[in-house]
């Protein structure tokens, strides 16, 4: 039987920026027996989770839930709205943005990549990866597109590979300022339910979400929130699609069902997640992540290591990227920390391979979980011979002790 | 919190032909904490389940595991091997075959549908839905295709909508007899791990599998077993694909990893399922399902109701379709049975809507589970006013009592 | 890792009269992480379960919850209220009553056993085991006890070894009619939460309860509901006691805590059980069991086998004892049924060893569960060569179909 | 449904010295469906856990497993071997020793309490609570007992209330040196499976164990390991007993069964615990706890707070007691830490009430768990205004980094 016993004792610290630690309640809900996906009890469940995910994405329009992991929802966003050869303006904030670009190419689209191209001391190979989306660059490019060949603008809300949370409302303003009809597509896979996100208010046309980050589920479910304009685009888009096609799913979802077999047990977990998040209150959830991020950054600053995100206005409340000094193999460091301290950290992806590690501060966490993770990092950094300016754990302890969480402790007053 | 309490007491009888009842061990395995999908423990898990699923599909070639439900694996089979406009010979054995055909059309392929077209007393609207694939029809059609425009032959091994298990080895022989280069693609979503299946020996090029039937997992995982010829076809096929693309997955699977986030907790369940199935022995597993099917058919025969499958040579060991008399709304009957007896039965799909119900005999079942299901059917049929020739429960009891299971009871001798 | 795989496939049918099948919700609740039994969250849990168990026992007085299985609560009842050599009037309704008597002897009490002593065709060795408590015998004996040496009257409410549910209100009336001060102690281990029980209204002094029957928990928790008179008796009783002593437990329970470590995870299950039972409504719960009992007895009557309980007024809604014909080894029959059909039945205990089997109709059950169990019995009886008058399964199906459950199906109307 | 959500997010840190954090594997095993405690599968489970617990206690003699929490096993030890009025020599190492003494009195025994009575700077009210059992005091008292009125010597192996692990082999030597026939009874409830324990080799007559400490189960199971001499004593001991009586249990255990309903689901967890502990190797388990204790003590020393145990030779590897400065209410501190940091610490018990807190380092833990707990303590101490000499977290990080665990990481090399 399955053991998961590489470490003989103890609770593993899963501090990667997703999949995030899954709350015990979700794991139990997920283990209830599978029911008939065409029966009455399932229909009630379907309606409940569809309403709940809408509340979290903040939309009154359809949210399409796929029994597939997040990458699939990227493909769904593109293939439902676009046709072969279509031009797409895609902003490269990091590795996941770059992978979405690569996917667009594989699907036969013509992505045009823009990215901030100034100089960067620590990451000269990818300066745009340390900053958020620059809305003025988007506006400028769209203004130039006088014959409206650009069909969509694609941006990543919270770039999981770097720890940067871009300003989506500003991107919408930029598009509007250019009076450009391009659809706005946003990947908030790792942002959703950690940091505020407003599909309707921000005028997003397709929102791409996933289960294994702020929603705290295991991977296996992904989403498209779809604006009326995006739905209209789907009626003329010619990329071949079937599994990802919105039409039948949206139609059957009205009664809480799906045209093909949905991911029953992960929907149980989604139901429980919705109860937890809405029960706590989304604003409390967001404040919780902001506070965690501040504590973790206090630690990184105390170590004297550069935070991957260089612009405090767009620090991610979900994860913090930490650059390791030249000569330090970040992956060897991560392995050492994993083996010695039973802690998983995120790797440096793509252009940052071997040069960074990422600390997730999301999912089923609290102050002590994060302090434990920081202690694992600090011990590992020292064992790896990285010179540190001071104790990050100490700095984070000071931050957390000085800044009590806003939400009152339930019933324990 | 999630209750699943539409019925106030008791274990629900999930006797639809999938999702099948999930064994308790799998549900517990699935509820273990999510781990890092890029860490060492995951790699070991990945290698284990990939080897195991290969043993079950009986192939030495790659099996691609998708974090998506079964319908996705249909799309993967087509999009990895074919190009827009390609001609595909698809045999319509039932609703799922028809849905695969519909998908091929949506993806821009040119499916040519063949089906047995004789007359049928009970199901005149779909005579081919009561019989297995007719290999001679395939052979004949391929012989006519002298310029080899047909790129693939698609058949369903176990048609979930009808309860017919076609002879795949015979289909391969038919293709070979016609000396035709078309790829052979087989959907064994509901057959795999219930009835024998031999990817390599039968010369299948793409096998499509799913998790929620004989593997006894909840839905959410699907498979493509891929022959070297299919892999070669993928290098020239031009249908756009990214999420479903085999190349990167096969490459990364060598170390037990995936290019994007896999379905961690369902892989736990898959690991446990593999242990259970191989531990029992596949031949014992197959014999178990054969015996169940015989018992259930004894009941249907005793009731005097027609079995959907008219040819005893291709009776499915996975499910039995039962035709209701004209004037009996099979869905109203199913609803009555669900409400009164906490039993889910499969609905009549597509051309059989309202005219049949399906009894699944797969997953975490045993003689008494099936007798309970038959009792629920029998009481429901009587309450619905359907005249019955005799007691099906009695007939099944006689069958099960007279035919002990072959596999010895473990350790209890 | 733990497999529980003596049978290679399927859900085991646990139709013994307790431990009863545990609902999935309880098993999940029970698997939540253990918390500090002296912390605030535990205190809230403690208060909740103590209030809930009081509502189920129907008392406004203290209920002492032990982290020990049911036998322990018998000892608690005796040792808290009595002194060495005390005379106790104990009615022998069956094996559990006899075991309680044996315990009283081991503890140094002087039990006086009474029992109906007429003749019985089928069970001449234990005629009182086929009938309920005879209140007039108790009244008569107490009237003779003019010097009030009898300190307590002990009866079993639902005799798990026989399937007889005695009339406790009548026992109280008998004691009152004799104007005797003896305490009334009642074992309702297997009756509680299956059949109505009223600690306060019936004037019971000590009620003994357990977790693994109508409460549907695994074994490991037991109860004493304690009247003010019993509490007063405890202050003078001299049997040595410490673990079972009420005083400290009752005192600490005021805040939801226990003087020593309670059974945390089973209390989780108890909390869930209380929610389920009170959510359904106790009267619905009782009606459910009555209906099940009637269906099962219809089957036994159809077989033509004697029901152990000879008096229809005291048929147990919890279990039905079935006498096997002379020459049929009931335990060999049970073993055959277990091995062939994955069904556990209760054994014949004590004076009925080898002569009966017991069918539990309690816990997480429904009509189909019981029909499955009856099918297992019927097949087993035939395989064992027992001549049957007719089909019990058929009779039970007719009963269940003709008598719909009273409680409406939740939300599925 | 049960929520356990006093804290809205995160994994609770249960660092009390038991109940200890339960491994995920145990929680899942425990949630498997309850089986028939008289069936073949149960018998196999029973034999397995009885053999396993014997291996852990290191005895070839019977181990009696009770479906009751640990306090019950104290009562069992006394009531099986002694008679009313018997003199018992009991050493008071702390609160649990004192509670055992109190129990002996309640049961009608005549405990004679001995304890080290020197002066102690920090704990003048209970100097013996800072030291281990003094074997010479026992030897001296037994030598004086020339008419052999002392029937048993009772000591606590690992005193959970103080963090002191006494030398049991030395106690046996003392008894032997005095050539005294008294039985040796040892409570190792919190020591077992954390620190070496040898029932047979050390000549212990009755070992008292519990489930919720080193065995890592929830509370609800307890043990008596019983020497042949203790069994012999049981045949003449006259304290009333029934539930706790060894005779019937030992007899039925030969086949893996119990005379009354055992704690089925906790036995599942015990089975899993045995697999984990023996799989890791007991010596590795002990080394793990020793290392944890050293790290935690490094922290307490760095804070400059007194460790409750004053003698380094008997520092407990299971927990560390920390004395708070006069004027600091340790329970207010614990509450603050619980509310702010979701960490449970042990309270000061009995004579140490309000003056100490206890850090458990047992159960499902690892370096980061302990560092998190120490961080919670350190932040809490500062918030409570306790002056600290330095950072305990820093000291523990240094210790853990400098002292890698001995056992190699499984399969991850």
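So that you can tell them apart, the chains are marked A, B, C and D in the order they are listed, and the count of residues begins at 1 in each.
The rule is simple: a contact is a pair of C-beta atoms (placed from the backbone, for glycine too) under 8 Å apart; a residue touches a chain by one contact, two chains touch by 3 or more.
Everything quoted here is computed from the prediction, not taken from an experiment.
> If we look at chain A and chain B, which chains touch each of them?
Looking at chain B and chain A together, the chains touching each of them are C, D.
> Would you mind telling me which chain pair, B-C or A-C, is linked by more contacting C-beta pairs?
Spelling it out, more C-beta pairs touch across B-C than across the other pair.
> Can you tell me which chain lies farthest from chain C, using the average of the Cα atoms as each chain's centre?
Result for the farthest chain: A.
> Can you compute the centre-to-centre distance for chain A and chain C, using the mean CA position of each chain? Integer Å is fine.
Chain centroid spacing, chain A to chain C, equals 53 Å.
> Where the CA atoms of chain C average out and where those of chain D average out, how many Å apart are those spots?
About 35 Å, centre to centre.
> Hey, how far is the Cα centre of chain B from the one of chain C, in Å?
Roughly 45 Å, centre to centre.
> Going by the touch rule set out above, which residues of chain C reach two or more other chains?
Within chain C, residues 1-4, 6, 11, 21, 24-25, 28-29, 31-33, 40-41, 44, 338, 411-412 contact more than one other chain.
> Given the complex with chain A, which residues does chain D contribute to the contact?
3-11, 13, 21, 23-25, 276, 279-280, 284, 288, 338-343, 364-369, 371-373, 375-376, 378-379, 382-383, 391, 393-394, 397, 400-401, 404, 407, 409-412
> Inside the complex, what are the residues of chain A that reach chain B?
Going by the criterion above, the answer is residues 1-2, 4, 6, 11-12, 14, 16, 18-22, 25, 27-41, 44-45, 66-72, 74-75, 79, 84, 102-103, 106-108, 210, 212, 218-220, 239-243, 245, 260-266, 268, 271-272, 275, 338, 344, 347.
> Help me check something: in the complex, which residues belonging to chain B touch chain D?
1-3, 24-25, 28-29, 31-33, 40-41, 44, 411-412
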